[in-house]
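Quick one: the structure is below, questions incoming.
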Amino acid sequence: MVHTDYLFFETAQRQEFLRITDKVAAIVKASGVREGMVLVSAMHITAGVYVNDWEDGLIEDFQVWLEKLAPAGKPYKHHQTGEDNADAHLKRTIMGHQVIVPITAGALDLGPWEQIFYAEFDGQRRKRVVVKVMGE
Amino acid sequence: MVHTDYLFFETAQRQEFLRITDKVAAIVKASGVREGMVLVSAMHITAGVYVNDWEDGLIEDFQVWLEKLAPAGKPYKHHQTGEDNADAHLKRTIMGHQVIVPITAGALDLGPWEQIFYAEFDGQRRKRVVVKVMGE
Amino acid sequence: MVHTDYLFFETAQRQEFLRITDKVAAIVKASGVREGMVLVSAMHITAGVYVNDWEDGLIEDFQVWLEKLAPAGKPYKHHQTGEDNADAHLKRTIMGHQVIVPITAGALDLGPWEQIFYAEFDGQRRKRVVVKVMGE
């Protein structure tokens, strides 16, 4: 059994992290899959999907840290094409662009603190995440 | 065919990397799946799961490198909640928190040097990894 | 339905990034799977597989950036075994060693700019990537 759905995001800020666990759980429920896996994957290359803590301080720590590891505003080669978002490509690489969540007994099989996040690094325009459910 | 199992870890050290290839292989064997995939995913957000070399020097290199990229003991915002492990959240993000291993002819389809590791960054307490096998 | 194939690479340069989207698409087509997922995973631990932009400037940015985060030629412990490629293990960890691509209506379900790349960090010898297709 395979079920496909998409989530759409248009963030107010250029960089914004959004918790999407409930949206993914709703798609899994609609799929009817009781045992299997769900893939949650950004379809744009300046956004990520990751699993970590739902705590505002830590989210800020992630953002400060990414800015240090992959700073904006440097003379990236990519910018010679007219783009200005090379750092967004690098940042999303650190965070990862997809996760697979196991489905057990009809629900997301997540640990007590695991939450799924969408990490936007070049927002303020409509972007898409694919959610692919597979199982029995 | 879907089969679910869990691995539990309580490391003696706060940070410790453990090879878990054989444990995953045993679960795959028990599942009866001959062709498919197995997801191995940390259920705690200060631990990772990765595939790399089983060589003690390299494991030490990874740990020194992670300490440089995501140092402990900095004034992270997350610590205002009473936690002291923000660096563990960052380190596990670099290493990744899950891997998928293909199953071919009833065995893990790994390259000659590929080994699966559990990377604990905030241990000394009981933690869990989900192993989800799917296939035929 | 499960289908397995392998891609082989022997790059001219020690470090080289190759676009492999078309090769993966051809394997998916040959598999007959119309709905499902395909795992694309490096079988060597000094190479990665990632999804990002097909733009030469950005690829150069990635390589400059990785050299900064995980430089070659440092006194890594791993080199005491006679190896000289510890940085390749670290670099591939940043980029990731595998991706899962959803298959929808018989084709790779990728966003407009998503391309699959093989990232070689210790080439000039024959290496392998496993492509595992699963679905209906």
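Residue numbering begins at 1 within each chain, and the chains themselves are lettered A, B and C in the order written.
Here, a residue touches a chain if its C-beta (ideal position, glycine included) is under 8 Å from a C-beta of that chain, and two chains touch if they have at least 3 such contacts.
Predicted, not measured: the structure shown is a model, and the values here were computed from it.
Arrangement of the chains shown, judged by which pairs touch: all-to-all, with no pair of chains left without contact. A rotation of 120 degrees, rounded to a multiple of 5, brings the CA atoms of chain A into register with those of chain B.
For the pair chain A and chain C, the distance between mean C-alpha positions equals 20 Å.
Each of the following residues of chain C touches two or more other chains: 69, 94, 96, 100, 134. Interface of chain B with chain C (complex): residues 35-37, 50-53, 55-58, 60-62, 65, 69, 94-96, 99-102, 104, 109-111, 113-114, 134-136. Contact residues of chain B toward chain A in the complex are 2, 4, 39, 41-45, 69-70, 76-81, 86, 89-90, 93-94, 96-98, 100, 128, 130, 132, 134.
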